[in-house]
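Each chain carries a letter (A, B, C and D) given by its place in the written order, and its residues are counted from 1.
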Amino acid sequence: MSGVQGALVHHGRSREIEGDVVALEPAMGDSTLLTVRVPSAVAAEIRPGRFFDILCRPDGSSDPLLRRPYSVFASDPARAELQFLVRPYGRGSAWLARRRRGDVLDLLGPLGNAYTLDPGARHLLMVAGGVGVAPLVLLAREAVASGRNVVFLLGAADASGLLAAGHLPSAVEYVVATDDGSKGHRGFVTDLVPDYVRWADQVFACGPEPMYRSLRNGLLPLRIGNRPRVQVSMEREMACGLGACLGCVVETKRGMRTSCVEGPVFDMDDVRW
Amino acid sequence: MSGVQGALVHHGRSREIEGDVVALEPAMGDSTLLTVRVPSAVAAEIRPGRFFDILCRPDGSSDPLLRRPYSVFASDPARAELQFLVRPYGRGSAWLARRRRGDVLDLLGPLGNAYTLDPGARHLLMVAGGVGVAPLVLLAREAVASGRNVVFLLGAADASGLLAAGHLPSAVEYVVATDDGSKGHRGFVTDLVPDYVRWADQVFACGPEPMYRSLRNGLLPLRIGNRPRVQVSMEREMACGLGACLGCVVETKRGMRTSCVEGPVFDMDDVRW
Amino acid sequence: MTTMWKGPSRVPEPEDPPGPDLSVDLAPGNPRELRLTNPVIAASGCFGYGLEYAGVIDVQTLGAFVSKGITRRPRSGNPMPRIAETPAGMLNAIGLQNPGIAGLIRKYPRIWETWRVPAIVNISAESVEEYAEMAAILDEQPGIAGIEVNVSCPNVARGGYCFGWDPGMSAEVTAAVRAATTLPLLVKLSPGAVDIVSVALAVEEAGADAVSLINTLVGMAIDTRRRRPVLANATGGLSGPAIKPVALRMVYQVAGSVRIPVVGMGGISSTEDALEFLMAGASAIEIGTAIFVQPSLPLEVIAGLEVWMRAQGVENLGEVVGAAHPAGIPLRRSHAQVAS
Amino acid sequence: MTTMWKGPSRVPEPEDPPGPDLSVDLAPGNPRELRLTNPVIAASGCFGYGLEYAGVIDVQTLGAFVSKGITRRPRSGNPMPRIAETPAGMLNAIGLQNPGIAGLIRKYPRIWETWRVPAIVNISAESVEEYAEMAAILDEQPGIAGIEVNVSCPNVARGGYCFGWDPGMSAEVTAAVRAATTLPLLVKLSPGAVDIVSVALAVEEAGADAVSLINTLVGMAIDTRRRRPVLANATGGLSGPAIKPVALRMVYQVAGSVRIPVVGMGGISSTEDALEFLMAGASAIEIGTAIFVQPSLPLEVIAGLEVWMRAQGVENLGEVVGAAHPAGIPLRRSHAQVAS
């Protein structure tokens, strides 16, 4: 490590941090829950929806080249620990899921904006598709801690792909849907949304883009004006994570917006679908 | 794995094999002795000087691209185990030395020719520089087992870079040299050679090319004709390991020869220096 | 289906369901045709003369293989070092070490003649006449299924300007070779051309049965300790996964313009990569550098393509060739027509 | 030593031994000169307008940075997806999303004016006149240390043929920009030219203060599931470690011919890589893609070069520039003369 870099870390400028892997456990089907120890100042900066761009390759290799963004699933500032829920998909996630205790990860972050809770909102509806649970679990914990009511909808292919209820605060009403009906509603998670729209003051969603489209189509006839407000986390492939490359933009009614800095959370009504 | 590849392995044609890492232990300074379990038919094909081309990167990465050749340090056909002595140098060796028990390696081999013992040779002089000990340790073991006398010279930068005597059969006369004089002769290992030239029926060397040059210069005035015969293992960067790319050639008096198939062992007198 | 150039590479087992058709003809306009049982070819310079791999993989199962580049006279090649590793790639400056065309003919055709797999001979030369002369010599030989003309060579008469950079010079070489042989003729394009499409169109016009691309990009590495280029030759040819995006782009562009079959290559290291090239418009693919890393890869890709076709319900590979072009590509006759 | 363009980037501590000289002038023939405290520059399109990284690294320590490519009018860029990862590289087709030159001027010069680090503005255009017009506008602005002219753009008047592929067209752009501004002028060459040396010589002749190279190679990736190119734009620019060997070779060739400073780039990801480019003949280097992977990399390279120079006893970086050329390179005035 060069003195220069050390100095930067000291001045609190660099967001490149090292994280020690302290635990890995299976969670939600074939995904892995990764616990990483980071400087405690970093853990304190976490907000639901923010993410880290993680380097997913060994030292000295340049392939795969780019970092991969992962949402924070849980944050424990006291223990200076973060958790990520990693779904094995391609090269980066497979490498990450194969880490072992004691390995050191290179993380850039926290990055991006966060879901925002309206001060007056009491009833919160959260809609998650698959690994999209990650930021919403953190949000649900915060919301319950501040005395709000949370309904948490999760969709997965089958029962094995669902998150164990123990990861959510017990005050949360947790309702699930599976494609094959092996647990909960048989069908899409968005099918469940209409039941809660009138109840909800705010809606928060995280999942693949087709889920947002059906969420939006289902909501259109039920919403009154633009109420309840809906926030979605837009997944984009990212290069820099810092708003510099313009590779991750989302087309909004206000023009092109970077999803790494001005997102990943957008107001559903602001996005051009 | 495709059926085709399975069939090839079955027909004994492919030399691409999987090896399970069964042990890693520090050896010779900062090097690592890696024990790998391979199909027993493979372990039986080993001869001193032969090598395996090992893939030194995780699945799904293409950097570093090429395999790295490693000489067999020890072979135990009964247990179907091979040992490699890996010196941490660059990207490939660093990755290899970081493996853990239970990891699976992708090896191509055994490749190359081997040192040859002349039937009548009784007195064998082995000259190793650094990690060049690997194939000579195997050779020394075979030679002692067949009742020959072996003097084994090893050079290193300092005492910590020397191989523990326990790796060599006790019948071997083991003489060392260090650059800093911290053990044995202070200076080059090749300084020791003249003492044994008249005694030796055959000389075997493995080390960097400058070592061969000084070996050759030292021997020139002492040899009688081309006696004793000297075999050297020529290190070349390799791409294919199978004689196809012509990237690893050695210029010999008979023309360009591939060091992966027609070598790595060459008669010193055959090489154009 | 027309007859295969040589018998099928694998005798189907009785329990096999009727398999998808992977066969391809790389010289549909040529009466001598170049029918391959599958589109996977071992690339020039990466497979020796076939024999080097015969003890390691089942060479006969390949669609074809291309010999190391041959010259008129024997060459001992460049000084060492000849190779250098680069990020996800490698540089080579072998310098065309080869036994010369006479040396080739003395040894290989009579072996290849007994093989099921088509052998294609890659030729390099320094003048139009030399290319033609070599083609004429090969024309009479047994066991040679086709010629791949490497135009990434310096034209001595034009001060060493590379034949393959210029449509006119490439066409001249093609026409001369065409006149010298009726063998199936692939012209292997150079990625150094400023507009590779115009080179491809020129060699198509001049009589090539197919084009293959890309040859290596010119690159370099420096040894900072010695403060000198790593390669004795200073520059070398860059190959491997690193160049795949450039190769794929060029195949896409060329396949969108020519009507003869296109053979795509450059960094192919998996079935997925092979499919990318087929969808870009290649009728067949060559694998080079990746064979060094995994000798069984070409066989794995053949099997992988078959598995993929079954899974996707693709009966004839021709259905996939050029599929990534939103507006399609000019019809080519490399594959059997799909029954409608 | 002549005065720095802006003050030194780091106030030396009293206990510091006299350090090696990393400074470089990229416009030694220009009275407005372009003096950098060190040769490490953040590349265009990879560093936004500097502000994006100001909260993350100490931007002021850089040798310089180059803005995202600016056009005459604002552009909203290409549809998504705009990036795709490739082996040891990435493709981008951002499509020059930028606020236009007026938008740039409204926001950035007054910020840059307060910065110690030189800001270089990268410009793109579709006609010679447009390039000149933009240069004239920038000429009067404060806070701009130089212009980098991106000639890897289609010339609309010539049917979209890329300016940078042709020595004549590149020289025309250079001459027009030169006439419109006295600002230090870097011309950024395209690797698509068949002979990049002749383009470099032409722009040198036409009045460029320096050349920078290389811009991205044109590449492609295909999504085999959708059977379509990954990028909405089909093709994109390939950057990152994968292209390093090609970039290095071009820098080596260009630096062997021109007398103006050469700024090298393409895949630089470490101090070692930077040294390779310096030894190939670059007087300074730009880092692009690797900043995405490691934002602190440019600072690490600056420190790394200094450490290396101390270890090797190199007092002035000029001693190393071009060192890999066995016969040396034409003398350039980018570095202070070494005391003999």
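As a convention for this text, contacts are C-beta pairs under 8 Å (C-beta built on N, C-alpha and C of every residue); 3 or more make two chains touch, one makes a residue touch a chain.
In UniProt terms, the chains line up like this: A, B = Dihydroorotate dehydrogenase (NAD(+)), electron transfer subunit.
Quantities reported herein were computed from a predicted structural model and do not represent experimental measurements.
**Student:** What's the overlap between the neighbours of subunit B and those of subunit D?
**Tutor:** Chains touching both subunit B and subunit D: A, C.
**Student:** Please state whether A-C or B-C has more C-beta contact pairs across its interface.
**Tutor:** Of the two interfaces, A-C and B-C, more C-beta pairs touch across B-C.
**Student:** Distance-wise, how many Å sit between the C-alpha centres of subunit A and subunit D, to the nearest whole number?
**Tutor:** 36
**Student:** Using mean CA coordinates as chain centres, what's the subunit A-subunit C distance in Å?
**Tutor:** Centre-to-centre distance between subunit A and subunit C: 46 Å.
**Student:** Which positions in subunit D are in touch with at least two other chains?
**Tutor:** 86-89, 240-241
**Student:** Two-or-more-chain contact residues of subunit B, please, as numbers and ranges.
**Tutor:** Residues 62-64 of subunit B each touch two or more of the other chains.
**Student:** Have a look at which chains touch which and call the overall pattern line, ring, star, complete or other.
**Tutor:** complete
**Student:** Give every residue of subunit B touching subunit D within the complex, in rising order.
**Tutor:** 62-63
**Student:** Please give the residue numbers of subunit B that touch subunit C in the complex, ascending.
**Tutor:** Subunit B reaches subunit C through residues 2-5, 8, 11, 13-16, 55, 62-67, 108, 236-251, 255-256, 261.
**Student:** Applying the document's contact rule, which stretches of subunit C touch subunit B when the two form their complex?
**Tutor:** Answer in residue numbers: 45-48, 52-53, 55-58, 61, 68, 76-77, 80-90, 92, 94, 97, 240-241, 269, 289, 291-296, 299-300, 302-304, 307.
**Student:** Would you pull the subunit C residues touching subunit D in the complex into a rising list?
**Tutor:** Checking each residue of subunit C against subunit D gives 86-89, 91, 165, 192-194, 217-222, 224, 227-229, 234-235, 238, 240-246, 248-249, 252, 267, 272, 275-276, 279-280, 320, 323-324, 326.
**Student:** Would you mind writing out the residues of subunit B in touch with subunit A in their complex?
**Tutor:** It comes out as residues 57-64, 90-91, 94-95, 98, 100.
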